[in-house]
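Structure provided below as structure tokens; questions to follow.
Letters A, B, C and D mark the chains in the order given here, with residues in each chain numbered from 1 onward.
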Amino acid sequence: MPDTIQNEGLLDRALRRVSTLWRDMAERVTGPEAEGADLAARMRDCLAGRGGEVSARARAAGLAQAYVAADAQGRRAFLRTLAAFDSDAEAVARAADALTAAGDAEARAGAKVKLRRALEPPRLRLLTQFTTIPDGMKFLVDLRAELLHMAQGDGMLGALEADMKGLLANWFDVGFLELRRIDWSSPAALLERLVDYEAVHRIRTWRDLKNRLDSDRRCYAFFHPRMPEEPLIFVEVALVQGLAESVQRLLDQKAPVLDPGMADTAVFYSINNCQRGLDGIAFGNFLIKRVVDVLSAELRGLKNFATLSPIPGFCRWLAERENAADDQLLTEPEAAALRKVAGVPLATHGTAALSLLMARRGWPKDQGLAAALEPVLVRLCARYLVAEGGRNPKRARDPVTHFHLSNGARVERINWLGDVSAKGMRESAGLMVNYLYDPAKIEDQHEAYAGEGKRASAPAVRKLLKG
Amino acid sequence: MPDTIQNEGLLDRALRRVSTLWRDMAERVTGPEAEGADLAARMRDCLAGRGGEVSARARAAGLAQAYVAADAQGRRAFLRTLAAFDSDAEAVARAADALTAAGDAEARAGAKVKLRRALEPPRLRLLTQFTTIPDGMKFLVDLRAELLHMAQGDGMLGALEADMKGLLANWFDVGFLELRRIDWSSPAALLERLVDYEAVHRIRTWRDLKNRLDSDRRCYAFFHPRMPEEPLIFVEVALVQGLAESVQRLLDQKAPVLDPGMADTAVFYSINNCQRGLDGIAFGNFLIKRVVDVLSAELRGLKNFATLSPIPGFCRWLAERENAADDQLLTEPEAAALRKVAGVPLATHGTAALSLLMARRGWPKDQGLAAALEPVLVRLCARYLVAEGGRNPKRARDPVTHFHLSNGARVERINWLGDVSAKGMRESAGLMVNYLYDPAKIEDQHEAYAGEGKRASAPAVRKLLKG
Amino acid sequence: MPDTIQNEGLLDRALRRVSTLWRDMAERVTGPEAEGADLAARMRDCLAGRGGEVSARARAAGLAQAYVAADAQGRRAFLRTLAAFDSDAEAVARAADALTAAGDAEARAGAKVKLRRALEPPRLRLLTQFTTIPDGMKFLVDLRAELLHMAQGDGMLGALEADMKGLLANWFDVGFLELRRIDWSSPAALLERLVDYEAVHRIRTWRDLKNRLDSDRRCYAFFHPRMPEEPLIFVEVALVQGLAESVQRLLDQKAPVLDPGMADTAVFYSINNCQRGLDGIAFGNFLIKRVVDVLSAELRGLKNFATLSPIPGFCRWLAERENAADDQLLTEPEAAALRKVAGVPLATHGTAALSLLMARRGWPKDQGLAAALEPVLVRLCARYLVAEGGRNPKRARDPVTHFHLSNGARVERINWLGDVSAKGMRESAGLMVNYLYDPAKIEDQHEAYAGEGKRASAPAVRKLLKG
Amino acid sequence: MPDTIQNEGLLDRALRRVSTLWRDMAERVTGPEAEGADLAARMRDCLAGRGGEVSARARAAGLAQAYVAADAQGRRAFLRTLAAFDSDAEAVARAADALTAAGDAEARAGAKVKLRRALEPPRLRLLTQFTTIPDGMKFLVDLRAELLHMAQGDGMLGALEADMKGLLANWFDVGFLELRRIDWSSPAALLERLVDYEAVHRIRTWRDLKNRLDSDRRCYAFFHPRMPEEPLIFVEVALVQGLAESVQRLLDQKAPVLDPGMADTAVFYSINNCQRGLDGIAFGNFLIKRVVDVLSAELRGLKNFATLSPIPGFCRWLAERENAADDQLLTEPEAAALRKVAGVPLATHGTAALSLLMARRGWPKDQGLAAALEPVLVRLCARYLVAEGGRNPKRARDPVTHFHLSNGARVERINWLGDVSAKGMRESAGLMVNYLYDPAKIEDQHEAYAGEGKRASAPAVRKLLKG
């Protein structure tokens, strides 16, 4: 999409825009000379509320500006200085002792409250003060995005990052979010952000985007009241008849438009988290279920809610298995068939034959090859999705699978040649999965997976497992 | 104001309205039978996120409904059950030990983070879940209002109350609030709330209210995005020429309306906190200063920003002094003059003569009496405001005085017969004060008061002190 | 309702508010001296677009201001001056001749266009220019209200009034109007206008108003985009079970509130036109049918849509009949029964006995009397509604009846003691009618009434006619 | 701009969208069979208000649908059928006679009103009924666009077109329009329309569009409340320092962005009428002046308001003069100089040499050539703008010049190589003009031009005339 500006970081772009505002705000109290002052002293002024809390917050704007203006090293220094405003060790020790000494339940409850209070690091106050400045919330979210990166191997910054995550988790609780529909009447500035944030199936042109917002499509996002122009997460939905099996067909700009009233199925074909600074704060589960509610109410004809999802870890897993020389990956008849098609000696490792074949460019268009590969890959995919575990064997190995099973969905269908884009071929061997959200079963399936690691799947998928 | 419904508590009214919504929400997951279930078990389900977080939050709606339906005793039981979901004592002890054992700063930083996490009581999660239900934020605020009352002398509830305060302070940080102007075009439902919440100078009729929202009046309030119809705090402002000296004149419905462009002074004559459940979370300072900014930008003719404030503790202080038989309260000439007017023996205690005179009904209309009382009461009031301390001698004895001095204002003028309402006479002997907000001096005056307890006042007020 | 300002005319109030705006606008082009200039010259400048059309419209503001500032005589002079800007007599004569001379249909069509153009009076342009000034549309509407009054017997003003009606009919075509729901969250300023405009069943207090906007009530109004705060017409609806029979019971503030989902009937109990300046431009028919649509969509339980209407001409008609000494109004048995109850000689005229009885204060509470009167009055009312004609015998004599029959409704039921207010007793002998709007029959009933004057009524009502 | 849909007419696109809505609306009253009915009969039903006005308007939806579904021939038939609902010839004749016979002014005034009423063609009513259907106003505007085309040489359709113009002029009076700013936060659907409608300087890509909406750019449009998503006219403005001289430089996407607070000049560089169906109804004058007001209020640093305008008729005029073999177009020294540069015999006609030179591709880059042409073309352009007349010698020959002079602007500067696009070279020989809007002189300049045809111009331009 040649029309999109991508030559500067999102953080910098946003910050530059409000920088003038902050300067104005800061100068009202501090005067320009204050900018030269010692960073720690300026932070101390904010924390002490010098000149009253209103002034302190104006000063915070000056600090935000200093941060934005700094280079990488300066920013690290800023954050370490901030991290040093930690709770008072002695006060903590005293409060911990008091808790140990507390006699009964009532006393312990009170002592705990006091210990928690003693542990609250003063730096939290400055972080909170940033909320008052224009676009301050976006500043904080982007600050955490940087911090997540910088904190690796830095215990002080790690503690600061933990504080920020705590604050943001509080402020971005789903109870505060607004679900909004996005369509072709939405602000261009917002649509441009969708283009930037869409990572699952890239939006290539404005026409591609418009097609995704047509009358048989839906797009919904969560927003925070203090970041009203920034989507937090969004989902793209296609209203179709029957489960969709190919993302290329869904995104085909020449496909006819379906009267939404005729659709029986809503297919969630792309879900994107937009704010790296909110990593670890979960919205996806809520988003899907809220959208299911909204669509059910609007379109009475809808009977099924399902995804059309990539399998990002499938080929990586296959490769690992090949390296592991695990001949049991293929059945003997499968191995034989592949060897034959591949034209390699009988002695060749079955899995090696598989990867040899998959490495051939354009194999999906070679009908004989594709016919030989299909049963093998589909079966292996079913196994990967439903049976393979990771470090935690109770957890699905694929992160997308884990996400949907955790939400209470089930593995419904595997689609051969569902995504023949370069990325789709590279990561998923062209396969895609439908996960089905059946409102009546979501709770039980969630519990079974969360508790015993039991993965829900359609009979047809389970049948594949048996080969 | 006969037209206002005041026959039921605000909490109950709000809750009844959403109760049906909650029932619907709760029934989707729990079924009606769940309502009979053990309260603790239901809370445990919420905290464990049984059936997934979406379901857990629907269950929270059922719990909210159970709370609302309960009587006082049931509500206390509910809250004590909730309070019992406290942090795990052993995990806390372990984390505290780890902190003690931590070697260097980095290790300590990490250990503190872990100790804070260990101390987080699970009950916080349920409180957060309530935010998702309709009007859930108002539910939480009103819950704390009740809890503030119930927690007295109950350590467990006290700890729960501390949790709630922490959460609410986070969510209601001024960075999240919206300043809105309220006028005669505001929703009647909102105006009705103003009537309910105005406690300084009661609104008696809709015509009284309309007069307070006329073109030479302003009213501003802070709102939270999740409680959009509930003002948190509001201020009423009169645009006038010169400092206003009498609240009765300000509220006179027959007074001519001033062209706002002609006003040189904005008088803040009533500030009201609306939500008892937000006690201890401060907005007033921000509100006044934001309104000063807004008005300055809109009306270039405004030169002064001041309050016309009651002195709620003045008469109580006088009475205490009388009981203390502190003859030094009056100067000898003052005492003599009052004795004479009062027609009492010379031996009568000066302060006694004062209170004797003030007890006479309608004394403000007795010219001789009023003339004798004025210099004495005004001087004493200046002393009360500027010199008297409470338990903390650095802090102004009057709470209103303390509030404005903390904000960086100064005691500007004492107004004789500024409020001749029954309440005004009873509490303030009819006196009112103007506190002046001079943007150029706010910071320094705040610092001087916050640091050394130095109270800013106009020369004329200081002169009164010297008698 | 003591809280409502009613001591100044609506026109004056609105105009005073915008007068300053107009002055500012006007002074930009004309300078204050222009105000003294000859009125006709100033109008000529506007019509000629002197200084360009933008300036001309600014000048129009000055003229509007002059009008508002004038007394009754000045206003008449203003309007007569304006009326004199009529079409050019010679040009009209020429165009009329050209039409007479036109040969074929094409030529005639063109000639008519030219004649219409020649007839267009220049004054229309100034009226249109007023639309540009703030609140200009309300100014025009109120201007016509005054003109309707002044034009009686004044042919020049009559022609001006006809122009205005034409313009306003164009601008206020129902295609431009917005239907909005009004409830307790509507602006107080708007609600205050409802109070002013409600003439059928006066709103007495804000509590009365709030009760009419409760959850089992609805209020809808039409608005024009250029008069967004002024309702044009509004209707009040009660959601009930079964046809409502008493307006006092509907308006009872202590009556329990019905869950709207349980209602099977929507009762339109008050319809009010708000703008006298729009007399003769009809909205009521559209309003009722749009509201029927809106309510049907929202509340699936609604099965019947009906009014509860006054019969404003009933008692007047009775009195006329009495004067007409038309003994056939009562049947002989009715007359006998009434004479007996009235205790008057047998010779007394039957209708006289009726009016004698009705003149007794508090007769509805005298059970015997009421029992005697009920069958007689109800029968006569049925006759009045369904059989009596006015000057045009095909048209229902009662204006309210005519309105609803024209809309395609039918006379459904007559309610004994449906409105026992002073006005209800005086005008309708306490009776009220339900008119039923059955969507399936509206078209046919409208046609039958509009064409042959056939009045639709329920069998029970027709039965009454036969006595 | 590859991303823009331009493969279907605007009318058809809009109509297809609402067609389903209309069908639903129409079917409620007429039933599908009605569609087959005779067109004239259906129109008669609408005009007669059969089944009541609400039903009649629903029927109108059916007629709109029939129109949309028809081909060119069917549409013409439709419109001629409609046009035939003309005023009654006899009634007109009677009313014209009555006017002739009218005795005094009062009687004449009344007779004129009656004649106007008699002349009102019934077809107006159906046109008005269309306003009620969804997107009905856009339907009417597009209908007139088609009609303007079809009515050429068809007297009946011409009369219908005149009716439509009258109605639309009433409804689209500037008093009803809303000025809105358009920026990058505007709906994408609206921005897409800008792209479609911009005809002066084509928008080539979304990036080009975004650049035109950057912080040192402004775009304003008029909208009608009943066509809220359709701009009627829009203007693009650049905030710059000094008068802009080159449109390519203005539209350069790599040019640095100016802080709007630093701009001293607002340059209106593109004005576009969007609705062909509103031809002859003028908004441009109002738009420019409203935008001048808005910008003046927002940006205090702005001192000059000017356009950067094309000269669409300049080259055509030059060509006509050449054909006219008017040697006096060039002075003798000019002719000699050009002959020399062109390398043609001395005998060659001066103007021929000019056009010979201008026909050389890429001449602006040939420095010698350009230097020779500049003084000649600039002088001729000044003459064309300020001295040349058309059929009406008091009116500027160039339509753009006429527009701005009528608005009260003056010819301020001629810019050499101001527009070197293909279109700019072809139409204007690369020249552009600045017209200056000086609020203090607009009225007088307008009057002088409107009255005596006097064209305002800067001294430097007048000096050019003298050569």
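The working rule: a residue touches a chain if its C-beta (ideal position, glycine included) is under 8 Å from a C-beta of that chain, and two chains touch if they have at least 3 such contacts.
The structure displayed is predicted, hence computed values, not measured ones.
Trainee: Name, by label, each chain that touches both members of the pair chain A and chain B.
Mentor: Common neighbours, chain A/chain B: none found.
Trainee: Taking each chain's centre as the mean of its CA atoms, which one is farthest from the centre of chain B?
Mentor: In terms of C-alpha centroids, the chain at the greatest distance from chain B is D.
Trainee: Using CA atom averages as chain centres, what separation in Å is found between chain B and chain D?
Mentor: It comes to 60 Å between the two C-alpha centres.
Trainee: Once you find the CA centre of chain B and the CA centre of chain C, what distance in Å lies between them?
Mentor: 49
Trainee: Could you run through all the chain pairs that touch each other?
Mentor: A-B, A-D, B-C, C-D
Trainee: Mind listing the chain A positions that touch chain D in their complex?
Mentor: 2-5, 184-192, 205-207, 210, 229
Trainee: Which residues of chain B touch chain A in the complex?
Mentor: Of all residues in chain B, those touching chain A are 29, 49-55, 57, 83, 86-87, 89, 92-93, 96, 99-100, 105-110, 112-113, 115-116, 119-121, 128-132, 136-137, 154-156, 158-159, 162-163, 167, 170-171, 173-176, 225-226, 282, 285-286, 289, 406-408, 442-444, 446-447, 450.
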